[in-house]
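Pasting the structures here.
Note that chain A is present in both complexes that follow, paired respectively with chain B and with chain C.
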Partner chain A sequence: MSTAVALKPTQRLTGFMPLIALAALVAALTIADPDFLTQRSLIAVARTAAPLIVLAAGATLVVLCGGIDLSIAALASLSTVFLALWLPDLGGLATPAVILVAATIGAVQGVAHVLLRIPSFIVTLGGMSILSAVALVVSGAGTVRVVDDSTVRWLDLYLAGYVPMSAAMAIIVVALIAVVLKVTPLRSWISATGYSESAARLAGTPVDLVKIGAFCVSGACAGLAAVMLVSRQFSGGPTMADNLLLPAVAAIVVGGTAITGGHGSVWRSLAGALVVTLLRVGLPIVGVPSAYEQILYGAIIVVAVALTLDRSKVSTVK
Partner chain B sequence: MSVPALEVRGLVKHYPGVKALDGVDLVVQQNEVLGLAGENGAGKSTLLKALVGLVAPDAGSIYVRGEPVRLRSVVDAANHGIGMVFQEQSLVPNLTAAENIVLGSEGPAVRRGVYRWEVMRRLAQEQLDKIGSPIDPLARTDSLSFADRQMVEIAKVLRIEERTQHPPVVILDEPTSVLESKEIDTLFAQIRRLREFATVIFVSHRLDEVLDVCDRVSVLRGGQSVGEVATAGAVPRELHRMMIGSTGSDDHYHENAAATVGSEQPRLSVRGLSGTTFQDISFDVAPGEIVSIVGVHGSGREDVCRALFGAEPTTAGEIRMDGKKIDLPSTRAACAAGIGYVPAERKLEGMVGAMSVAENMTLAKQQARCAGPFVAPKKQATLVDSWIRRLSIRTPGRDTAIQRLSGGNQQKVVLARWLVAGDIRLLLLDHPTRGLDIGARSEVYRLMRELAATGVATVLLADSLEEAIGMADRILVMNDGRVATEVACPNGAKPSPLDLVKEMV
Partner chain C sequence: MTVTSEVVNAPRRQSRRGASFRDAGPPVALIVIFLIFAALSPQFRSTDNVQNIVDAAAVLAVVTCGITFVLMMGSIDLSAAGVMGACALTVSLLVANNRNDNDFGLLGIAVAVLLGCAFGCVSGLALVLLKVPSFMATLGMSAVGLGVATLMFAGVQPNISDTMVKGLAIERFLGFSYLTWIAAVCILVGWLIQRYTRLGRYAFAIGGAEEVLLLSGVKVNPYKVAVFALAGAFYGLGGVMVTSQLGAGLVQAGDGYDFSAITAAVVGGTLLTGGRGGILHSAVGVMLVMVLTNGLVQIGVSPYWQGGVEGLIVVAAVAAAVIPQRRRNQVVK
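Let's look at the complex of A and B:
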């Protein structure tokens, strides 16, 4: 039928919108300043983006389930403190230990959300506050210096001389999550839970486990992001990752994942995280005055969401 | 004859892959009740949406009292005197009836942004008086019965009268699907009263209702008008024949295909089951048996059904499957025990609208499409396609979003969900034919018979008493949370609806 054929290209296009937005942004920045597209600035973008990509990828799972995880940044901050404190004693084991602890904290929030039937927004808002406070107490309200960073420094090295290890790691994490979702029933379970929890439950989907699992992965990702931050900054700090919360949420929605749940993917969040980082890093590089930077940043985020959200899949836009 | 209240000429509407309307013609005379009949997917909903400005037709024209109009929105349609009572009730439950009635067109009920309750009450009362409804305008909507809410909806729609000098056109889309029979009588009395000063378009899947309340019925099939019937003297079968384009089966409930009920151990055995809305429920269902639970709204039968699927907590009692005691702490446990559930609210609870036919079909029994822990795409394709063929599900493909299918085909996918793994032992069907047209109903009945023949036990909450009697081997009557009586219901010795009603109230 003619209309069907006419509609298909646009539908296919929506899936690529995050990539198109990304390409458009790179093009715009290059036009604004032809020197932008240098190896140095690209490496800077990749290194800055890495922790954000990991944070956003984990939280995307929670959003796909129809919830939200506001505690990721606070959890990452706390994790940097833990890592910095444990590195002298645990050495190489400190990294897995921190990720494990962060995953557990995420899972605990998931359990609280599911068992006590409290909205995830509230649970993680409370969690954010608690975790921030714990980080302050544990760290003595100050930066914890890492004297011997030999076991985490690998993340700050470069693959083949150019590719930051942390960025490669971030992409591996995204790919891993994406592949696991693709080849197992998890994708169906998560989508069903996000689109319509009651329908999912009445089809025997382990809705509660799926949600707890999503929070657990989100926590683990926050832990990994913390490791990346420590490897770069040679220290842990109780507020080190706090300013990543809104960029992470922005990355998810700019990627086109529906905040109402069900529709989206971690690949979209990867593209979204790159857009957000490009704006952060790129606008100053091309010489936008800092006052206007925020205005542009806000405007571009809103426009990007307008472009990337696939409205045919999302019935109500809240 | 006076100029028609509403006239539609050659209306066409394409959707991707479907031609929903293919040149529909419709004439509605003033002050008549016109029935609109047609199977799911015949184009009724699209036509109605076009009439209230929710859908822009690709071609064709709409005339209101002879004037060609282009309806761009619900407000636009209201300005032309056309209003619709929607299939899914569209009232805000925590507002009063009066607030709902004036919502969106408050007029003098709001001054400087502030409600004037007395004016609003009076405005609402005027509307309610038009249909002679005794509802208190200041009652909270969620405290009203379904039927009363429907009256509020009609009253709300009648406010369009204020926008036009002419009699309004009121469209009722499936107004009876959630009503009990007494409530339906009240509604019909209202419709007859409406005819005094308005034109009514009435849509229902129940043909007897259409014939009962309408003056004339227009039949749609495949997006085209296929004919009209004056209702005086017409019989449902004649209408049905026009809808499906051939002679309907006499054996609507496929009674000849009724399975032999296994007499050995019961498949399901419930003893003393109690929950918040039901007490001391005991009954058995044998393999291949269809047991229907009937009862009025609030009898607790829906909750019993959900409790048997682990979706509602129980406080006492035991459930045995094939003699083995089972615990149902979750829906997942019920699935694992070979129990399947088809919820009454298909769109909200039965299916995940945005997901594909294949994903919906395999949602409950993931193992059926997996090899080990991994989804096997080829296995899934073969499995889903074979069920699409077996149940003749009409869909562009297995990857089509299920919300694009018609109601009957959606329901078949939801049913197939429980069959794909071949391990189903007990099916709990909560109004499986709600909102389905007669052809789709018949197919669901046939499927139920086929499953019973393979030894699946069925608990059915039927859409009507006729359906319960037609399908069931045995009927449990529930009243106020308890089993009032049990009535055998074998072929050839079916009880009459009256026998059952006596026990229900």
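Let's look at the complex of A and C:
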């Protein structure tokens, strides 16, 4: 897009940061463990990364609009519960039903954000709390086992024998979002909303609809991530996806999407999600206790946000 | 001269009336909700239950004291859960416990509070030096805290045997547990800081009009860091209090307290935009949240709904606070 206005060399470098980090990580892991670049471990990485990629891709749209969606993980957890509960009755229809419900919940949060003029992180923080409570109540605070998983098992198959279907789906989702953004005016609307909302409003951009749409897609992606999780774990649980919130946020900011909005893309979040997954998988390989994983996420989020921030926009940071 | 003073006075008087209405709202709501539950449930209005509510509010009150200062500045703090976890593990490993031979008693508590203070300090520095928005900086810091706590936990739960720390939650003074008295002291100290120190006054001013403060030549950054450090110290104390209640150090010690504290502060009348509210408002908010959660359980609502009720309250309270300025605030991120 023409939004990239004459980038400075340093900015161009940070643009490639996620790819550089990805290559460096793969190299480091291969040196640490020569078995890493085998088909088996790469497939494992791809399968682990799939739900994270989908979650991060959806939430990226919200971040591009200048907001944040903190409810994605809780929404995905709730969706796993719904899917597990509905599979016996709805069968194959359960998957689209869950994604539809998740998209609706996302849209409702978007409407609350836009109409009530509440900051997005408060709406989604409240949403996170509400959705977790609903998931606990609906599931009776326990794991819901899936007895007959024939309708979601296709996600656990392998494409052409090697590529996990869930990873392929994740890539398709990212590509789909990217293509839709590219061929429609949506990309410029989202960018305009993110860069300067008041300017976008004056220029006639349907800012409110764009934002609600972004939240809606974010919700739908959380629903799809939930389907992937259920197909892998054969059950749904009220806290199953909760630990994906930090990795997803980390994936978005590591990819280089600015938290201030406007600058970034879903492809970047794909790279970011792979970086985060490699870190997660790689830490045990190089012999670091997994407790450091959390510390690393925290540090990554702070550093990556600091690096990608649009400093011209933040005179006073709250 | 008289004309100008009238011009200045007129809007001020109006805003004061608005403020007093806003100040009166939460206490009135507290009384109304209390009376409703008292009418609905005989168990709720028993003296034992009232004592329970007050005792159960202790930890939340301390955490809310900390978060109130951050909210007054217009920032937000999501790090309470992580900081409390790290401090809970720290204190449980420093006082008499089953994992090592340490027995530092009060010194252990002091170290835990200082650790919380250090966490807050790092959040504040990330905000001030790296310009990372506070909700991101503290989200990251919460993860760091949980990671540090997991490292210290190391797979074996440290059960404390220190009678002093355990006694804080069990032994009573004038009908209330020592933790409740600690919380009361925290509220008093918080109120004194807010009312009589430069830190407290500037926290208000930063939330109200940071640009004006900057233009007047005030260096706000040190105060921002100090406010986050102060908040961290309160979370640290909160972690110690949870450890005393549980008799063991758990990574999840602070689970949910971050959001409950924001709920309590917002319900009490501390605006997320900053510059309004205060410790006493938040104390009322804490009681509101506790009465509501206790009352709902007493009339037979599943305790799992607690988080949902808090979420609804926050969204509703923030929306209610924003409505008067809807026309002005066209841009909301």
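As a convention for this text, the second predicted complex is superposed on the first by the 273 of 318 C-alpha atoms of A that agree within 3 Å, B and C clash if a C-alpha of one lies under 4 Å from a C-alpha of the other, contacts with A are read in each partner's own complex, and residues count from 1 in each chain.
Just so we're on the same page, a contact is a pair of C-beta atoms (placed from the backbone, for glycine too) under 8 Å apart; a residue touches a chain by one contact, two chains touch by 3 or more.
If you're wondering where the values come from, they're calculated on a predicted model, not measured in any experiment.
Novice: If you stack the two complexes on chain A, which partner ends up touching A:Tyr297: first (chain B), second (chain C), both, or neither?
Specialist: In the superposed model, A:Tyr297 contacts chain C only, not chain B.
Novice: Touch check for A:Pro185: first (chain B), second (chain C), both, or neither?
Specialist: first
Novice: Using the superposition on chain A described above, determine whether A:Arg201 touches chain B (first), chain C (second), both, or neither.
Specialist: both
Novice: With both complexes overlaid on chain A, does A:Pro289 touch chain B (first), chain C (second), both or neither?
Specialist: Only chain C is touched by A:Pro289; chain B is not.
Novice: With the two complexes superposed on chain A, say which partner A:Gly127 touches: chain B (first), chain C (second), both, or neither.
Specialist: second
Novice: Which chain, chain B or chain C, is in touch with more residues of chain A?
Specialist: C
Novice: Tell me which partner A:Gly262 touches in the superposition: chain B (first), chain C (second), both or neither.
Specialist: First partner only.
Novice: Return first, second, both or neither, reflecting whether A:Asp33 touches chain B, chain C, both chains, or no partner chain.
Specialist: neither
Novice: Quick check on the output: what are the common chain A residues between the chain B footprint and the chain C footprint?
Specialist: 198, 201, 314-315
Novice: Hey, which residues of chain B end up touching chain A in the complex?
Specialist: So the residues of chain B touching chain A come out as 14-19, 309, 311, 331-332, 334-336, 341, 343, 348-355, 359, 362-364, 366, 369-370, 373-375, 417.
Novice: Mind pulling up the chain C residues that touch chain A in the complex?
Specialist: 73-76, 78, 82, 126-127, 130-137, 139-148, 150-151, 153, 210-211, 214, 259, 262, 272, 274, 302, 304-312, 314-315, 318-319, 322-323, 326, 329-333
Novice: If we count contacts the way the header does, which residues on chain A are in touch with chain B in the complex?
Specialist: For chain A paired with chain B, touching residues are 1-4, 7-8, 182-185, 188-189, 191-192, 195-196, 198-206, 262-263, 313-315.
Novice: Quick check on the complex: what are the chain A residues that touch chain C?
Specialist: Against chain C, the touching part of chain A is residues 66-68, 112-113, 116-123, 125-130, 132-134, 136-137, 141, 197-198, 201, 246, 249, 253, 259, 261, 289, 291-303, 305-306, 309, 311, 314-318.
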